[in-house]
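One structure is given below, represented as structure tokens, and several questions about it will come after.
Think of it as A, B and C in the order they're written, each chain with its own count starting at 1.
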Amino acid sequence: MSELVIPKPVKHKFFTPGMVIVTLLALNGLYFLAKRFLFGMGAVTNLNNFYPWGLWIGVDVAAGVALAAGGFVTAAMGHIFHLPNMKPVIRPALLTAMLGYTFVGIGVMVDIGRWYYIWHPMIYWNGTSPLFEVGICVMTYLTVLYIEFFPIVTERFRGKVNLPNILSIFNKPIEFLFKLFDNTLGKAMFIFIIAGVVLSTLHQSSLGTLMVIAGYKMHPLWLTPIMPLLFFISAICVGIPMVLFESLIASRSFGVKPEMEVLKNIAAYVPLLLGIYLGFKLGDMAIRKSFVYLFEFNKYSIAWLIEIIFGVIIPLVMLNFKKVLNSPLWLFIAATLVVAGVLINRINTFIIAYHPLYAKVAYVPSFGEISVTVGFICLMVILYRIIVMIFPVISLPVKNEEKY
Amino acid sequence: MSDNARRDFLKQVGITTAATVGLSSITAKADEYKSGEVQGVLVDIGVCVGCRNCERACQVAHNLPAGDPEEYHNRDVYKEFRRPSTHSLTVVNEFENPKNKLIPYDVKYQCMHCNHPACVSACIVGAFTKNRNGAVTWDTNKCIGCRYCMVACPFQIPTFEYDKAIQPKIMKCDFCFERTKEGLLPACVANCPVEALTYGNRDELLVLAKKRIARYPDKYIQKVFGEDEVGGTSWLYIAPVDFEKLMFPTLGDKPAPGVTEAIQHGIFSYFIPPLALFGWLGGVMWLSKRKKELTESETKKEEDK
Amino acid sequence: MKRKIIFTSLLIFSLVFIIVYAKVDNNKAREQKKTQASETVTQIGNKTIVPEVPNDKKYGHAMMPVDCKTCHDCEVPTKNNPCLKACPRKEFITIYHLPEEGPTVVSLDEVKGDYGAVAFSHKVHAQMSQMSGGCETCHHYNTTGPVLKCKTCHSTTRQRADISVPDLEAAFHRQCLNCHRQWSHSTDCQSCHVLKGQNIKQVEAEKLKKFKTYSHPPLTEPKKVIFKTNHQGGDYVTFFHTEHTDNFGIACKTCHSNDNCINCHDVTLKAIDQNTPVRKTHKSFQEHHDPCSKCHVQQIENNCSFCHQDQPAEAFNHLKVTGFNLAPFHTNLMCNQCHKQPGNFKNMDKNCTSCHNNFVKGKFDHKRVGIELNETHSDLDCSDCHKNNRFDKSPDCSDCHDGYAYPKQIPGKKAKR
């Protein structure tokens, strides 16, 4: 198997009709982003003193971190537990994680009032704050991700450094540096891989701790002291579906046949993880007796039901069928449902469940906020496309290489 | 949230706290604040006449636009329920008194200055400080504007200057920290014509509050708001009606950051759990790698044969 | 299972603890009671003061709803050294001054603030206070002798050692605003204060001139009040006011406890009709009925006609209803002086001796009924003339004197009652 597919830079036309739309949406987001930096948060967002956190924290940051969990899940499965057939998906997952976390960082910067102080947590520490923990872990993990990605850069350029004209004098030193890094990093890489998993474990769970302090302002359907555990398990759950989701999209977009053999194998882990997650979620509900709120049939109970039925139960059932595992379309649908389920969970936790005492009207994200969030996703797609066209990320069958 | 749910949650809190780290870290802090240095204010809603002098005094003391004194006598503002904001750190609201419509209940709101403040615990950079005299103050030099304090605050007090692109501030009552340092009374207390606000040692104020309730049992309900709420607050209230009717949140007596701190402490107790995880993962990695290599070499050998 | 055992043992332990503790506490309390019993009566000058003892006699007057410092100067007052202040105790009140005896206008300029002093018409306010609380409304327990200055107890500065008593500014504002904000619906400063820098003496002189001659209209007590209601069948409710005050002995405050200026004055009504100062308010059903129904619980239970009648009711006539004429000797008595059991008006016989145990020979001064008995008759036993001791019936002279009958003939001479 592994001899058949190896990571290669993808050769494809950059602009397709879809990409044009993506680019336009990204530009629209950038417009509102500029507005936010020039005139303040109030000019773009619907946030107020009752709803201090909205779409940007809920989706850009919280969901962003969760959906980038593919990086540490595949790293753990492939590099630490040495499960078979993981190789082809580790690199795309790593790239998604790297891009995802980069945009989480940018998202945080956009959302905090004093973006130029984003480095403050490095010097002003507050150990009791889960947000501090999230901040520090995300910063460190982002660095680790860049280090993990570095070998891909060296692989692409090692022995090919060829800067033009005057810059050519740097060719040799850069080549030497690449070699040095490759040799030392290669040996120490296991430290970073484990560190990445540990850091992810910490901050994925601490993201769940964030809303615990809001206490009675959180709806009891979501508020539980085991929120960190639920967040962590759901992050693991979404890791593989995220890899499936993007592999299937990328292969379709680049016109490559999806590696169903690989995807099928890793997809088989998902129902087990979802089952564990559902067990914890329902068990906690039973212990806290919060299920009474399910029968109120208000926006909270409906939001919870959508999250659990579409995001957990349906994909859990679907992925038990061979037909689903073998069909790219059905696999894509199941993966999308899991991804959407976690996304909805984060939105529910950070936006829907949060109901401050004195707010007169509930928070609804503004057009500007949605534009920025959509813009960021589009920028991520663009960057992903550029990177996979330059660096050997996506594994392609050797056969295909001959075709180009 | 209903009472039941809250009770359940608190029960849950108790279990987690006990299960993870025990109550040691929280109770230790509680003693620290009972040192007797903590000052407070007793707000007597049975006395307040809603003149809004405190509002104006606060504006002046914090260099916020104060306007004409006569504007504050306009009682039309009471038609709408108001909350502290970036341009007024304290506000008075009025509620109808069903017993006598001519003597409504007027209630001043501001930061309660909790004994165990959620904002202090939550702030990512530790920009909030619980001072020895009880005041919870905010440091503009540290704040990054993440607004987690606003999420955490059980009284929904910190406000944020959304309209500023550069150096937006978190605005909240600072218990006139600069004034009390110089031996002055907080501006609102100094300017209350009926002394509905009494400044003093928190312990003494509690005694005073209970005496006042005992003396006028028909006038006040048997409760000092802030005595136990979220582990106690520097500001205390006594009132003729239930505090829910005056738009106060119903809170338990556990400190607001209790569960979160217990979880954090559980995850981070001297970095042992993260390091243990690191070690375990390292072990697993080494073992599984060896196993894989062994099987691979075996299969190779078999192939060679 | 384990939890159950722990729980039960804890329960038993705590029960034992409570019982032991209660015993110890009880002993202590008994000792305390002994020492305190003698302290409950205090001698000051030639006046004996028996303080109000609350239900909880265990702590004597220490549990009275008053701060100790109101009366005592020192931290630990003892029997021998009570360190009593000259002021201000409820028991001191023996004389109520007339409103006109006090000053006409009083200037309050002790408090320094954003506004100038206040000159207020003390006389008129005192007159108004008679409607409910009287002098005590402002002067608390202190109304006799020299009236103490407010600042004797109320500090002139807000930063002070004893925060249990409001400072002077607060004390003034609480007193004034309590009524003023009710009738003016405002807390504006200038309705009382002059502006800063303005001379208060000038305002004081003006007010003095005005209020020297002006008095609040006297508060007269109505004999009865007839309410015309919209009750179907039984429009009229008649309330006999003097009966309630004089015969039932009900204090004004019992009904008029919440009465203050706004019951008659309300600035918002001025615009409507300046000539009718009486406020017409919409009262709820309960507000209308509470004043009566709180006492007349049994009589009016499902019985509207106890009060609601087709025409104004006649006053209760003791003679007509019971056959016992209250005139002339019993008119000024309160009901419960004869009807000793509350609520029980039956089972009273007309026999005078059932109340008057001094209606026996030698003890009774017969002059009081208007007839001074002559020597012969004063030696007789009461029942010789008043058969069966029925003093309400005419005496029977016929036993001794044929053809004699009271009041044609009298057993002595007429005397002044």
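Convention: a residue touches a chain if its C-beta (ideal position, glycine included) is under 8 Å from a C-beta of that chain, and two chains touch if they have at least 3 such contacts.
These figures come from a predicted structure and were not determined experimentally.
**Student:** From the C-alpha centres, identify the chain that is farthest from subunit A.
**Tutor:** If we average the C-alpha coordinates per chain, C ends up farthest from subunit A.
**Student:** Identify the chain pair joined by the greatest number of C-beta pairs in contact.
**Tutor:** If you count contacting C-beta pairs, the leading pair is A-B.
**Student:** Report the chain closest to the protein's overall CA mean, measuring from each chain's own CA mean.
**Tutor:** Measuring from the global C-alpha mean, the nearest chain centre belongs to B.
**Student:** How big is the gap, in whole Å, between where the Cα atoms of subunit A centre and where those of subunit B centre?
**Tutor:** That pair's centroid distance is 33 Å.
**Student:** In angstrom, rounded to a whole number, how far apart do the mean CA points of subunit B and subunit C lie?
**Tutor:** Subunit B and subunit C have C-alpha centres separated by 48 Å.
**Student:** Report the inter-chain centroid distance for subunit A and subunit C in whole angstrom, where each centroid is the mean of the CA atoms.
**Tutor:** The computed centroid separation for subunit A versus subunit C comes out at 78 Å.
**Student:** Flag every residue of subunit B that touches subunit C in the complex, lowest number first.
**Tutor:** 47, 49-51, 69-70, 73, 75, 100, 102-103, 185, 189-190, 192-195, 198-200, 204-205, 208, 211, 214-216
**Student:** Looking at the complex, which residues from subunit C come into contact with subunit B?
**Tutor:** Residues 65-67, 113-114, 158-159, 163-164, 166-167, 169-170, 173-174, 177-178, 181-183, 185-189, 258, 262.
**Student:** Residues of subunit B touching subunit A in their complex?
**Tutor:** Counting only subunit B, the residues touching subunit A are 1, 5-6, 8-9, 12-13, 15-16, 81, 83, 85-86, 118, 121-127, 142-148, 150-152, 154, 156, 158-165, 167-168, 247, 249-251, 256-257, 259-261, 263-264, 267-268, 274, 277-278, 281-282, 284-285, 288-289, 291-292.
**Student:** Which residues of subunit A touch subunit B once you look at their complex with the stated criterion?
**Tutor:** Where subunit A meets subunit B, its residues are 37-43, 45, 47-50, 52-53, 76, 79-82, 108, 111-115, 117-118, 120-121, 124-133, 135, 190, 193-195, 197-198, 201-202, 205-206, 209-220, 223-226, 228, 287-290, 293, 354, 356-358.
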